[in-house]
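In order of appearance the chains are A, B, C and D, and numbering begins at 1 in each one.
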Amino acid sequence: MNQITPTPDVFENHESQVRSYSRQWPAVFDTAQGSWITDENGKRYLDFFAGAGALNYGHNHPVLKTALVDYIMRDGITHGLDMSTVAKRDFLATFTEKILAPRGLDYKVQFPGPTGTNTVEAALKLARKVTGRSSVINFTNAFHGMTLGALSVTGNSMKRAGAGIPLVHATPMPFDNYFGGATDDFQWMERVLDDSGSGINRPAAVIVETIQGEGGVNVARAEWLQALAELLKRRDILLIVDDVQMGVGRTGQFFSFEEAGIVPDIVTLSKSIGGYGMPMALTLIRPDLDVWGPGEHNGTFRGNNPAFVTSAAAIEHFWSDDTFEKEILAKGERIRAAFTDLAHRFEGVSTRGRGMVHGLVFADGDLAGKVTSMAYDQGLLAETSGPSDEVVKLLPPLTISEEDLDHGLSILRQATETVCS
Amino acid sequence: MNQITPTPDVFENHESQVRSYSRQWPAVFDTAQGSWITDENGKRYLDFFAGAGALNYGHNHPVLKTALVDYIMRDGITHGLDMSTVAKRDFLATFTEKILAPRGLDYKVQFPGPTGTNTVEAALKLARKVTGRSSVINFTNAFHGMTLGALSVTGNSMKRAGAGIPLVHATPMPFDNYFGGATDDFQWMERVLDDSGSGINRPAAVIVETIQGEGGVNVARAEWLQALAELLKRRDILLIVDDVQMGVGRTGQFFSFEEAGIVPDIVTLSKSIGGYGMPMALTLIRPDLDVWGPGEHNGTFRGNNPAFVTSAAAIEHFWSDDTFEKEILAKGERIRAAFTDLAHRFEGVSTRGRGMVHGLVFADGDLAGKVTSMAYDQGLLAETSGPSDEVVKLLPPLTISEEDLDHGLSILRQATETVCS
Amino acid sequence: MNQITPTPDVFENHESQVRSYSRQWPAVFDTAQGSWITDENGKRYLDFFAGAGALNYGHNHPVLKTALVDYIMRDGITHGLDMSTVAKRDFLATFTEKILAPRGLDYKVQFPGPTGTNTVEAALKLARKVTGRSSVINFTNAFHGMTLGALSVTGNSMKRAGAGIPLVHATPMPFDNYFGGATDDFQWMERVLDDSGSGINRPAAVIVETIQGEGGVNVARAEWLQALAELLKRRDILLIVDDVQMGVGRTGQFFSFEEAGIVPDIVTLSKSIGGYGMPMALTLIRPDLDVWGPGEHNGTFRGNNPAFVTSAAAIEHFWSDDTFEKEILAKGERIRAAFTDLAHRFEGVSTRGRGMVHGLVFADGDLAGKVTSMAYDQGLLAETSGPSDEVVKLLPPLTISEEDLDHGLSILRQATETVCS
Amino acid sequence: MNQITPTPDVFENHESQVRSYSRQWPAVFDTAQGSWITDENGKRYLDFFAGAGALNYGHNHPVLKTALVDYIMRDGITHGLDMSTVAKRDFLATFTEKILAPRGLDYKVQFPGPTGTNTVEAALKLARKVTGRSSVINFTNAFHGMTLGALSVTGNSMKRAGAGIPLVHATPMPFDNYFGGATDDFQWMERVLDDSGSGINRPAAVIVETIQGEGGVNVARAEWLQALAELLKRRDILLIVDDVQMGVGRTGQFFSFEEAGIVPDIVTLSKSIGGYGMPMALTLIRPDLDVWGPGEHNGTFRGNNPAFVTSAAAIEHFWSDDTFEKEILAKGERIRAAFTDLAHRFEGVSTRGRGMVHGLVFADGDLAGKVTSMAYDQGLLAETSGPSDEVVKLLPPLTISEEDLDHGLSILRQATETVCS
């Protein structure tokens, strides 16, 4: 690319200690296509990580690539802040026509800055502004981002400690199945909301992931989500679904909450919404809640127009009918079957997931870490999640072929067999 | 781009009320090249706004465009989180060799998420973690971003109100010249820091812009910045320079603080660092302060590799010698001269700025708004800033030709003459 | 007393709307002796309210009165800040010898300002200082005081709203029996403390009342308190027992936590500790936690020496052997029997309590309010508590005669019969 | 008093390390009368400390003592919460007739709990409730109390650190003469309040002491207070005067703000309001701001009726005409003359004060400490204040005889001569 001769330790010498993934996967990656990623030595890796959910359509999908290069070649506007552009209008029209309208959803679209944490911050700010309340309810093992507003509603204690100030204004409640069925759903939450002496500050909103990816692939049941939505509606508390990681088809349907039939008041999207892995985020707002003043929440990179182009192209290509959704569900079933088999065969191993996000749960983080480490040696990228990193978390591209999927699953099977035998 | 027939009111119908620039510039823009941007009807606008400072090299610069398209065409990795990639290594090596080393600067580079607000949040978190203190000092009329941590150190009351919670942990101090020279510099700040009874929580850090762009093009003098740096060093308080808008050559030199000869403990960069207007941000950290744990601050879009490619290409192209810097200073002088002339001719008009950022200050926001509105009608994009939007703020591409620069300045001159006569 | 002719509406004209008890008991009271209080018209009222627990020894007990008048007559120091005085030394020696030593308790005594809320503030500050943690766990329906630190750990939403700022740094947990036995004790609390992803800030301390008086006479079982103490000890979290209302014999033993056999790290005392109803408070501190710097928590009225005199006299008189404790338990049994009988007879009425604090629980606040209102008309003072004021709360002087106790109980029985029939 | 034989080290063994005054004055005091206090060995000390301002009428004044003993002997109600009592009505009527009415003041009276910190908390809560704003402005070197709300507006960094949490919601501004006249009054404060980009949260109220006792006897000029009141009025920000230490005649007039002719929106009183050194506090509220709900701020010891009795008796005795005020001013002049003389004679010594509060300012805390230590040895109690304890602070009883006053001043003169020569 340029004439600099890279020293072998440029990352060690010049990049901050905060780097993380590069420690577990020490290869220097160079190119990528579909489900495969190639390092500078030409070694290929099957990618079951997919940009932590930002590459649902795989790496550098040819349809999107063509749209992107065409746009760049014709000098389409790259950076547009929140000016009106043709690319943005096309995106808005496509998103409305292909995604919202067919699902009977009516949302205003905010472009809040191109990251997940930024759309979460926008959602929380708006919920507080609308209700005049400062407090928010989040859930155990939630992950919503690293800026102070989003970090306040995130569970991980190591990441919270990084704030350097006490994180306040949020109260965690037990996520679905937190007690393994030993307790009625919402027993605690409903009680404290209705007890004027509970000491809980009445919340502006509840923010929830339908499936907690970082939290360990914890899947909320449809009936739990329905009960949550109903509970909040009766109490005039807003429901924010953070669909940053689980949206855009990861669970089969475009939005992860569709299966439950609920309609959140605010939805956050990022990661795969741009299609090609470029930064983009949306905040979807129930129209009557769109009380923002002009510029009240802003940011420089709200108008990443190349991402609007690839996003619109991806929606056109994948979401004009239900073919893609069916494929996802079928491939998800394949993963489920493979993991269920492993869970049956090995004591202390279990599985959970929905659509094409699945976790293989081990007794502890050591075992899970050994499995992903062995997988890496065999050319498979998969990460761990959960409070003790005890869950091998599978997020393959939704576009993966059945052959590649089976290949990756066989690597994980062998690793599990080795580690657990 | 696609087959959707856009309805004329797609923005009104579907985009949130939070949109802002599209209200003052109602055109729907489509393509852009260099200093010019073209709307869907083919009308061309000279761009003295430049993505609020994100397009220092102009729109779609051909050198960067070639590098970008080559990278995309060869399936270079697009989305890499914080995995090591060839593009990232090239960027790190180039940035170190061409920018840091020649300036005698030694920083660890953090990729904190691709936006200005995110690098500010990372900087504040690190400063608090390092010092164990929660409080931060900011300055009057500062602008650092919209997520809760960055918003807490931002001055604008309308934007602060959007938080929906009391913004705390920050105490504003008077920026340079806040009292027009009537008071010794740092009289108040130095006194309260040294008075154990002042009631000021001892701060972890001071965050400062060398020139406050959003605040109204308020320029800190070199001696003020030097005194600030010295004052903090003696008290073991960290100095964070937020160079998101004023860095990457806007003032002539690559970093805006170079003129003052100070060395901040932490530097934030974003906007133009990516070169092509795509989201990218850096947090530069004094090596001994790099006490992050792995993953303690993370985010999905830390590895926007196409931006690494255009960033490295831009550094190679523009910053291998001092030609570009000299051009910027010369063009800046041209702006200064034109604005000084207007200030002399019209009562109540004044000017301030440095390098290629200049403000034309009017008596109130109405006058300034009329000037930018007339400029827009004449095909020139320029925005206002300042607490009452009373400053016409000029941020032309640094690569603008002298002819275009003069053309734009003449439009502003005519508008000023009309409005002020 | 003096020559001012009181206008009938001096309270309405000159006292703030915040006044409360005077609204439900409109008499203007004048004198009091033992369990009886007399209004300016000579009407006598039996006092089952006893200064909200501040008059455990009844009004103006002759033994204490003699000690007090003697002290005043001989010009004993009235106001001593935290200077050493003979009266304070006598109190300290008496308290140590008669109260702490016989119970095997070893505490340093802080005089934190003479109110319950002040000792709670001192306890919370010290717990935070010792542990370096900011967060505290409180319980549903807790009441700890009205200043900001104490109010943050108080449950009542009306009182919390009075703060005018968001109350943070505290997370409520379910008090004993919050779910009527449907859930294992500490299921939620233990889980979130041990789950590093729960999102709960690790607390400095847990603050608990053994019986929640204001919260509705909610009685924690001994085994619940034991489990709580054990749970915290294993996790290095401090246990603060707020014994402001339930201490000083209210439950039979001097400290309300004695029955459970637990030893709190910090204990707060106020209300009846002064003996004669004058302001006094103590913070009892495990010696190794007494890391205060001199004057780090101060206040003008820490040395209310007349209260030290009456306090020491009361301890001498009532706590030199176990006679008083036995009388309390016997009279408590009498109340329990009377209330149990009412609970059996009337649908929707139940009772709870321990020692000489008992609640008669009605279906709603209306019924309870009618009972106390009728009682007032019959010459009995009793207040309601609980989140909906649905509990008639009995706090008679511990020194009440059996005849007076039976008289008061009969008034309540008649009122209940009238209201519930 | 009782039969306990005090061990010599009962304070060391049993009282918390937080004790402070007892360290500098190690005597064990026993009785007191007027301006004199006597230790257990019969040694007499002249008291220029006067309970930190709580004993303006001296120790155990015979008129008040008689009223108090009479009240106790006739079994007047001691503890009354906020029930209406004859003693409270008498106090209210007397206070209204003798204090408020003659001064043209119209306030509702809140009994907020009997301490200074409690009335400050009540004032801040009410100001926030009325305005809907959370932020408050305080002044450098302010002292308002130790509970979290009051501590947030207190300047001393050691005491602030005791909070164990970041103290927020308050922004300090420079007190009068903070820059020794080098800066226009309110330059900074007025500017940031009017600059919508200053980053200052718009405050609910400003809380100010007319003379900062703990802060080092810093005296605000009448014109400064007038300008402050005017500045706030025009901006709809409430003015709270904390008259806890400087009220009740300390400066000559009953309220310390009378000299300036301002009328605060809220006034806090405590310390000497009770007359006899017993805990009592008031919050005076502009009638239209009295928007409290019943019981929204409460507390057990709001009804310390013996203090109402001594308070009313003191008002009758001292404030029925202007004799007392004239005596105070005359004696204050005597102190001023003596201190001015010392200031003239010794390099580095200066003085400031008003009425009967005066500070003798030394170059550092060591010198001032030596002076008070020598004074103690000579039988005089005087304390130091100021950020470095560099000010010998004189608060003699207002009732002191001229002879005693001269005697004490001569001790201080000799100590100063010894230390400074």
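The rule is simple: a contact is a pair of C-beta atoms (placed from the backbone, for glycine too) under 8 Å apart; a residue touches a chain by one contact, two chains touch by 3 or more.
Listed by chain with UniProt protein names: A, B, C, D = Diaminobutyrate--2-oxoglutarate transaminase.
Bear in mind that the values here come from a model prediction, so they are computed numbers and not experimental data.
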Longest centre-to-centre distance from subunit D, chain (CA-based): A
Chain pair showing more contacts of the two, B-C and B-D: B-D
Distance between the centres, which are taken as Cα means, of subunit D and subunit B, whole angstrom: 50
Inter-centroid spacing, subunit D versus subunit C (mean Cα positions, whole Å): 29
Geometric centre distance via CA averages, subunit C-subunit B, whole Å: 58
For subunit B, residues that touch 2 or more chains besides their own: 134, 158, 165-166, 169
Footprint of subunit B on subunit D - complex, ascending: 134-135, 138-142, 153-158, 160, 166-172, 174, 178-179, 182-184, 187-188, 191-192, 195-202, 215-216, 386-388
Residues of subunit C that touch subunit B when the two form their complex: 165-166
Residue ranges of subunit C in contact with subunit D within the complex: 1-2, 4-7, 10-11, 14-23, 25-33, 37, 40, 51-55, 59-60, 65, 67-69, 71-90, 92-94, 96-97, 108-118, 121-122, 124-129, 132, 134, 145-150, 152, 158-159, 161-166, 169, 204, 244, 270-271, 276-279, 283, 285, 290-301, 304, 306, 309, 312-313, 316
